[in-house]
Amino acid sequence: MPDKLISLPAAAALIPDGASLSLGGFTTQRHPMALVYELIRRRRRDLYLFGHSPGGDWDMLIGAGCVKRVELAYEADEAFNTVGPRWRRAVERGQIEWEDYSNFAMVSRFTAGALGLPFMPIRSLLGSDVLAREALTPEQRAADPRTPAKKAAVIESPFNPGERLVLVPAIHTEFAVLHVQKASPQGTIRLEGQTFADVQQALCAEVVIVTAEEIVDDAELRREPERNPLPYFAVQHVCHVPWGAHPYAVFNYYDYDPRQLKLYHESAEDEAAYAAYLEQFISGVRDHAGYLAAVGGAARLEGLRADPAYGYRPDLKRRRLDP
Amino acid sequence: MPDKLISLPAAAALIPDGASLSLGGFTTQRHPMALVYELIRRRRRDLYLFGHSPGGDWDMLIGAGCVKRVELAYEADEAFNTVGPRWRRAVERGQIEWEDYSNFAMVSRFTAGALGLPFMPIRSLLGSDVLAREALTPEQRAADPRTPAKKAAVIESPFNPGERLVLVPAIHTEFAVLHVQKASPQGTIRLEGQTFADVQQALCAEVVIVTAEEIVDDAELRREPERNPLPYFAVQHVCHVPWGAHPYAVFNYYDYDPRQLKLYHESAEDEAAYAAYLEQFISGVRDHAGYLAAVGGAARLEGLRADPAYGYRPDLKRRRLDP
Amino acid sequence: MTTPAFSLTELMAVAAAREIADGEVVFAGTGLPMLASMLAQRAHAPQCCLIFEAGTAASQLAHLPMSVGDPRVMRGAAMAAGLFEVFSYGLQAGRVDVGFLSGAQVDRFGNINSTAIGADPRRPKVRFSGSGGACDIACLARRTVIIARHEKRRFPEQVDYITSPGWLRGGASRQAAGLRWGGPAAVVTTLGVMRFRPDTHAMYLASFHPGLTAPAVAAETGFALDLDEAVETPVPTAEELRILRDVVDPERVFLQ
Amino acid sequence: MTTPAFSLTELMAVAAAREIADGEVVFAGTGLPMLASMLAQRAHAPQCCLIFEAGTAASQLAHLPMSVGDPRVMRGAAMAAGLFEVFSYGLQAGRVDVGFLSGAQVDRFGNINSTAIGADPRRPKVRFSGSGGACDIACLARRTVIIARHEKRRFPEQVDYITSPGWLRGGASRQAAGLRWGGPAAVVTTLGVMRFRPDTHAMYLASFHPGLTAPAVAAETGFALDLDEAVETPVPTAEELRILRDVVDPERVFLQ
């Protein structure tokens, strides 16, 4: 089978200005951060992001001016910050276009795309302003064929008149980027821990780029096909990127980095500090190796490595942090 | 957590005459045969079965007069017999009520039930008589609330006028019985190999009975929660039943039994031979231990045991069988 | 007013924990709901089943997670999958007994806003994280418990944006919208615990926290609050405090 | 007519295998399609990906399965799940290039009946297994290859029941029914290989098997069959026969 391994810069170069894109992971885990940093380095513009509960991955892209439009349910890092600072400012200043859904609605939309359906029915959203109000105007919707014609539609069940369902429209993106524990050069992947909506995000994308902590032999992954959630032909490109999700966690590999997250969120509340953060860790370094050195190198990273008995770092200090 | 272990006869006793029921597995693998035999021994009547591609499990129940109505996609043992002999006769003689769907439609119906939806949309069935024709009459549908009011409904996508989808109605059964490789006394289960539609069948049933080759410690299964497809609270009863799928296969445990399947299918083509088969192996023996002895006991069974490197028996003779 | 032997966070965590009955399936979010559900599991509800929306069921937490997607929620879980499975098989199928919600605004019918402040949601004055799973929990859990900071501007007559539907406009309006079950059962705040009348579904004060009075709570509420049944919020037991401090959150991730 | 160095089953398996191009995703059923797809994988299409509907993708079969739910299809698979995943992510998402079908009746537009014989399907004269996944493959594969026993009663003008929609009533009727892609590309029978006109979608004879003639095939067909382009079916190569006999089916599970 063809070898799908490419370098991270080569993968980032595939994603042009204006591309529609979803990124794997959930708030504090398994975001493809190394690729995010590379997109920022390359000054990508006008990205169109689809997600359920992204975290700093989106917040950094938004803050760096890479993003034009988003459809989402949530943008924050949960206990590390209950709202993404750059997201908040971008909305309040009218610098970004967005549409709100719920997590279930967004994962149902990815699922519809993955299943080859134009929509998924759900019982959620009824009575809410998530259903009743739209942030995108009809003109904005009409001008971009990647935005569905309607935010959602309500129908009655033909099997039980009076029973109402919300139909949420399928998502199809040009790209999906996942960060996973293991991948083979042929594109077979292994997710450990929660799968979030990574599988559906991949299956509703035209081009899937996987960044992986470890590259393993395809035959090894085929020994337990029950654990491989994607047909290999759904994956087009594989990059080997250890520590590729830092400062977020990767179950069984490393924990999140509370000091780096604290620094990010404090910086992101202020223009100058945010610009300095970007410069120090992202734009001002050459590549992911440069990033890892900038955040503290092996000395910092080894302190995050997961205890195999837990899949995370049980002794990790999360609140009273050293400076 | 509560211990959910009960005996196989106690589990079978829970299922009354007239119950609606789905059985796990697919044609030649992982059917809960020991429970099927026990239902036949107990002379259950008027069962209402929902399935996608059952095999001899249904054929035996139908032949033994246990079944009133079925909704299904396929009833055969594939290369062992391209149609279930007792199913064929029961239909041709008007002894059973049925409704035809396709496999995708039936698994989508189970999926709808599992997802808590009244229907699932699919792009299949369009143009077919599976969609255009009904075997159940409107009166038959109206008389049993477990039968959907309509076989299916066709709608246009509200997001793209002119695009047609078929909505297939959810299934909710009173019981689902699965035969799995491993279960804990608390109801956590492990499926190895293909999952068929077992997960959805369980999730759309009120009461789930699991028969398992092995009972293992709950904590052991919780070490790899990614591999446990059902929340434990979805499972109500667990029975320890080694060789519980014989003559069908259980991946990683044992292969199908070609001699027994040949004997079954030859017998089932003839009234007297079928009656003799039931008497010799099912009704005339006391329990599953009696069945296993009747089919040849350890001498026969050990010859079916899976090679761990394959999950089946690579040297199994399947065509030129000893008498 | 004496100095309490417990913090406000501890009091709220205990009050929220007591909303969970043994054997229930609990959909818990980050923060106080995690404190509450871990406490419940170790105190009066050992058989309650904790579900986290990022994809796990029946976790046996050893360390308090910082997010529902934290690797820590994998600990002892009976099942791990993704959001779609949890929302569908759990919430939408009606298998979740109690879900926790919070937000920036809560109105008299328990509708919650966690999206944005301002009359025009297209140009909000203040933007928040957005729904996440909150709208789904509000629609599909069998009942919800709301946790909120109690200030007059946060308890308006009507929220600016209904992120999470409560009893909507009261009465049968929730069912009329197509929601077949669910609705808020309690609101645990920094000042007291509120519940809802069975018929009108209007919020009333069930208890005020020690050191406060019922009128003091009403004064911080932007709509008329029935005070007739208000009593003092029962205080945490020593055992509850011990579990919270020594077992649930020895790191002081959320406890203050 | 000389005695062939190959059996009819071998000829059909080879003809079916040649319908698979390298790199294609193949949805294979039990019997001849398994022979054909294993042969293709080991002969001219090493990168073809075999999907079996009971829940596997990209199997590297070591032993011929007796069913699509056989434990043997797990061998070397890149993914194992259930039917819903295979039907949805594979077929419905348009990722399956070629699917194999068979049935008791095939009509001039490649519609197939595998359900029942008789005018009233509520009281059939002969009942078969039913669709299984056939209707879904017929609706959703990018193209299908039909394998059938060629007898006049099995090739009627119209099938008694359309289990698996082909080109329906020809022309654009398939698309008018809402099927957005797909349709039968070839029919490999015991007598020859048929294909479909691009415009009318009527079946025509592409080749007759060695030892037969085009009119002999037409005589066993219940509708008018255009014979103008018919040539003799290319015979299996020695290498194809070696692979079939020694590698694919040394047990003679399906080969005769």
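As written, the chain order gives the labels A, B, C and D, with residue 1 at the start of each chain.
Here, a contact is a pair of C-beta atoms (placed from the backbone, for glycine too) under 8 Å apart; a residue touches a chain by one contact, two chains touch by 3 or more.
The structure presented is a predicted model; accordingly, all values stated were derived computationally and were not measured.
Student: Taking contacts as defined above, which has more of them, A-C or B-C?
Tutor: Between the two chain pairs, A-C has more contacting C-beta pairs.
Student: From the mean C-alpha coordinate of chain B to that of chain D, what's the distance rounded to whole Å?
Tutor: Roughly 27 Å separates the two chain centres.
Student: Using mean CA coordinates as chain centres, what's the chain A-chain D distance in Å?
Tutor: Averaging C-alpha atoms per chain gives centres 42 Å apart.
Student: Could you list which residues of chain A touch at least two other chains?
Tutor: Correct list: 116-117, 122-123, 163, 193, 195, 226.
Student: Can you list every residue of chain D that touches 2 or more other chains, as numbers and ranges?
Tutor: Expected reply: 56, 74, 80-81, 88, 91-92.
Student: Chain contact topology under the given definition, line, ring, star, complete or other?
Tutor: Other.
Student: Just spell out which pairs of chains touch, all of them.
Tutor: Applying the touch criterion to every chain pair yields A-B, A-C, A-D, B-C, B-D.
Student: Which stretch or stretches of chain B touch chain D in the complex?
Tutor: 25-29, 52-53, 72-80, 82-84, 87-88, 91-92, 94, 100-105, 107-108, 111, 122-130, 132-133, 135, 137, 154, 163-164, 193-200, 249-252, 255-256, 306, 310-312, 314, 318-320
Student: So in the complex, which bits of chain D are touching chain B?
Tutor: Contact set of chain D toward chain B: 30-31, 53-56, 62-63, 66-75, 80-84, 87-88, 91-92, 115-116, 121-136, 138-140, 161-165, 168, 173-174, 177-180, 251-254.
Student: Touching chain B in the complex: which residues of chain A?
Tutor: The contact residues of chain A facing chain B are 116-123, 148-150, 153, 155, 157-160, 163, 165, 167, 169-170, 191-193, 195, 226-227.
Student: Can you list the residues on chain D that touch chain A in the complex?
Tutor: Its residues touching chain A are 25, 47, 49, 51, 56-58, 60, 74, 76-81, 88-95.
Student: In their shared complex, at which residues does chain A touch chain D?
Tutor: Residues of chain A touching chain D: 1-2, 114-117, 188, 203, 218-219, 221-222, 225-226, 228-234.
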